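In what comes next, subunit A is part of two complexes: it sits with subunit B in the first one and with subunit C in the second one.
After this line comes the complex of A and B, so read on.
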């Protein structure tokens, strides 16, 4: 087994076996259960159509993935430092790039677990409609870079800041800042600033893409720009994380 | 030479941490790195373990520059950092197997069990490390440092948190590793008893500089060219004492006298000469400075007639 895979196993194993990880998974399952009940109820009462319910479930799963990414990314370096496990890791022959790959590989596996958990819920709210398959594909296609990007972003802060608490707080504020215009309503989004913000905001790009594909049934080719925004977000944060790791001091 | 550090300098955030550190350790030695809190011991270890890069000076660990070849150095290095932590949700055997994988080593359950037994831990203990005592974690840290069968062990306060019996067991383990497997051991400690029992060579760092380095035996003698003896006599000596050439009276209080003999003199002949001149000698003991005396003198910046920096 290569050392990088060992780190991935450890990171993802922590999510499944540690007390903290089990709390996360239980919380995610409870949120998805409650939300899907709500959506199914609204669909039955004809308050929402099926596509809207699927779209909302996709947004919720992406947001939960981002939350998990922020939590894991914030812990990736500052948490190791606080636990006293950073130096033992750094004195192994692993390069900092390998440690970063292992950490992000662990996050990718954790996101995969959330994604798999979300599939039955997506089916529950969207099985009677036509857009379940595009929803499953687009959640993977755009959700994955957004989630990993937030993981990298939190890891940058984790490497630069002294404590998990400060890295987590800053990452959460960023996540809320990027997600808030979507939650606050369409008024802000229709303004010029809102439109520009929407255009460069990776979280908004993913959700707008979900909206276009699942609700408006637009063809995949129309989503190239949004996909590019999301991929640029991923590349920039990955580059930043690599730099932060390389200049990491014990 | 296993470790060679010459005039190493290190700044962190623009503040000079190490200004002139020298450390020279031969193969098979146990080296004690001493110094007050904040003197720069851990920073020195961070240079040796490639955790930080020096601003100047020369550095070689097992023949390699850790800045240039960190992978090669780290592969042959075992490190126990001060206050080193663990993943509390893992069991010890599981953790050691995982840590060995980071070195690209596949370990069997039997090998991990042997390692745990060597450091005095129960190989069948499946409890999560999070519930372990500090002393048990310290032993596990030592097992972790040994997982890659290192040629050089770098230990920061290895006996911290251990009871006297545990400390003795760790001493025995380190001596065994050093004598039977030739593992070089460099360790930082505040416990001078550890150094006295284990170290063949010491270095003292104060305010980012090496203020003293040398063989433990030589440093605890007052002068490498002479040997001091404390003589007890039956009756006080009256009048002026005539001493043979090469013999000096250092101190004389009551019935106790400290004499310094040049190393070329045969002590037995000197004692006979003294007895012939009226000394009623009842006891002769070799007088050595304690390591604590050496340490305090070095840190206070006092001059040493035996202490030296031999680069």
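After this line comes the complex of A and C, so read on.
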């Protein structure tokens, strides 16, 4: 087993195979269950058709993924420092790039699990409607860079602030700010400021793409700009995380 | 008394000229032939309106808009066009005399019920709103989110994780017990 795989295995194993891991997996499932039951139980939501329910579910899954990414990213460096395991990790023959890859690999595995858990829910709310398959594809295509980007972002803060609590609080505030489109519908973002916010916000780009593909059945070509926004977010945060990791001294 | 007479004559003349100006715009409305015969929730409908300036003066700044009203007894209310992804309004800088143009009004049907759609138009030179004839349509109900599919998933997935947790706890206890003995 290569060292990077070992770190991925350790990071994801803590979340997936341990008893504590099952708690958050159950919590994720309960959130998605509660959300699905709200869709059934609330007669006001009879206005929603399947496509809108799928779109809302995709936004919720992406937000849950980002939340997990922020928690893991905040712990990645500062947590190791607080537990006294950062220096032993840095003095191993592993390069800092390998440590970063391992940490983010663990996050990617956890996101993959959330994604897999969400599939039966997406099927349950959307299988009698339109665009379920594009929904599944676009959730992976745009959700993954957004989630990993938040992981990298939290890792930058974790490395720079050297405190899990500070990194987590700052990352969560950023996530709530960028995740505002979840509660502010497109109609409320039609001002010039709202349009600029959407143009630079990776979370909004992903949500707008979900809306465009699932509800409006627009072609993949129309999503190129939004995909570019989330990829730029991923590249910038990955670059920042690499720099932050390289600045770490044993 | 004389003032009253002058006032009445002015009002009558104003109403007459308004009616004259209003009659310079003509709007027709029809459903597109490709629309589904029995539309249901989630389907798309398109209506077309033909607007003609029948007057002899150009109309500047004309705006035409769509109104959609639910007419089921007890549910009479205007529909939020944003929910229906419908085009709300179209404006034209100038409509020259005799000019005719067509506007398409697509919409996505969100809720079941009986509806009445009408196109209205107004322009600074036209004193009254001009409306098209009504077009009526009925949207059939389609189950949106089906509880028969959601309930097994909503209960089953967390239950699965709970069972795995219980199974792991039982295995852990058994191995601890085996180690002790």
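The rule is short, and it goes like this: the second predicted complex is superposed on the first by the 232 of 250 C-alpha atoms of A that agree within 3 Å, B and C clash if a C-alpha of one lies under 4 Å from a C-alpha of the other, contacts with A are read in each partner's own complex, and residues count from 1 in each chain.
Just so it is clear, a residue touches a chain if its C-beta (ideal position, glycine included) is under 8 Å from a C-beta of that chain, and two chains touch if they have at least 3 such contacts.
Since this is a predicted model, take the numbers as computed values, not measurements.
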- Message: If you tally the residues of subunit A touched by each partner, is the higher count for subunit B or for subunit C?
- Response: C
- Message: On the A-aligned overlay, A:10 touches which partner chain: subunit B = first, subunit C = second, or both, or neither?
- Response: first
- Message: Is A:90 touching anything from subunit B or subunit C once the two structures are fitted on A? First, second, both or neither.
- Response: first
- Should A:29 be classified as contacting the first partner (subunit B), the second (subunit C), both, or neither? second
- Message: Output check: A:53 vs subunit B and subunit C. Expected answer is one of first, second, both, neither. What do you get?
- Response: second
- Query: So, A:249: does it touch subunit B (first), subunit C (second), both, or neither?
  - Reply: first
- Message: With both complexes superposed on chain A, which partner does A:192 reach: first (subunit B), second (subunit C), both or neither?
- Response: neither
- In the superposed arrangement, what residues of subunit A touch both subunit B and subunit C? 19
- So in the complex, which bits of subunit C are touching subunit A? 41-42, 82-83, 85, 110-111, 142-147, 149-158, 160-162, 164-165, 168-169, 172
- Would you tell me which residues of subunit A are touching subunit B in their complex? 1-3, 6-7, 9-10, 14, 17-19, 83-85, 87-95, 249-250
- Give every residue of subunit B touching subunit A within the complex, in rising order. 12, 46, 49-52, 70-71, 74-75, 77, 79, 81, 83-89, 98-99, 101-104, 106, 144
- Query: Any idea which subunit A residues touch subunit C in the complex?
  - Reply: 19, 22-23, 25-26, 29-30, 32-34, 36-37, 39-40, 45-51, 53, 117, 120-121, 123-125, 127-130, 187, 215-216
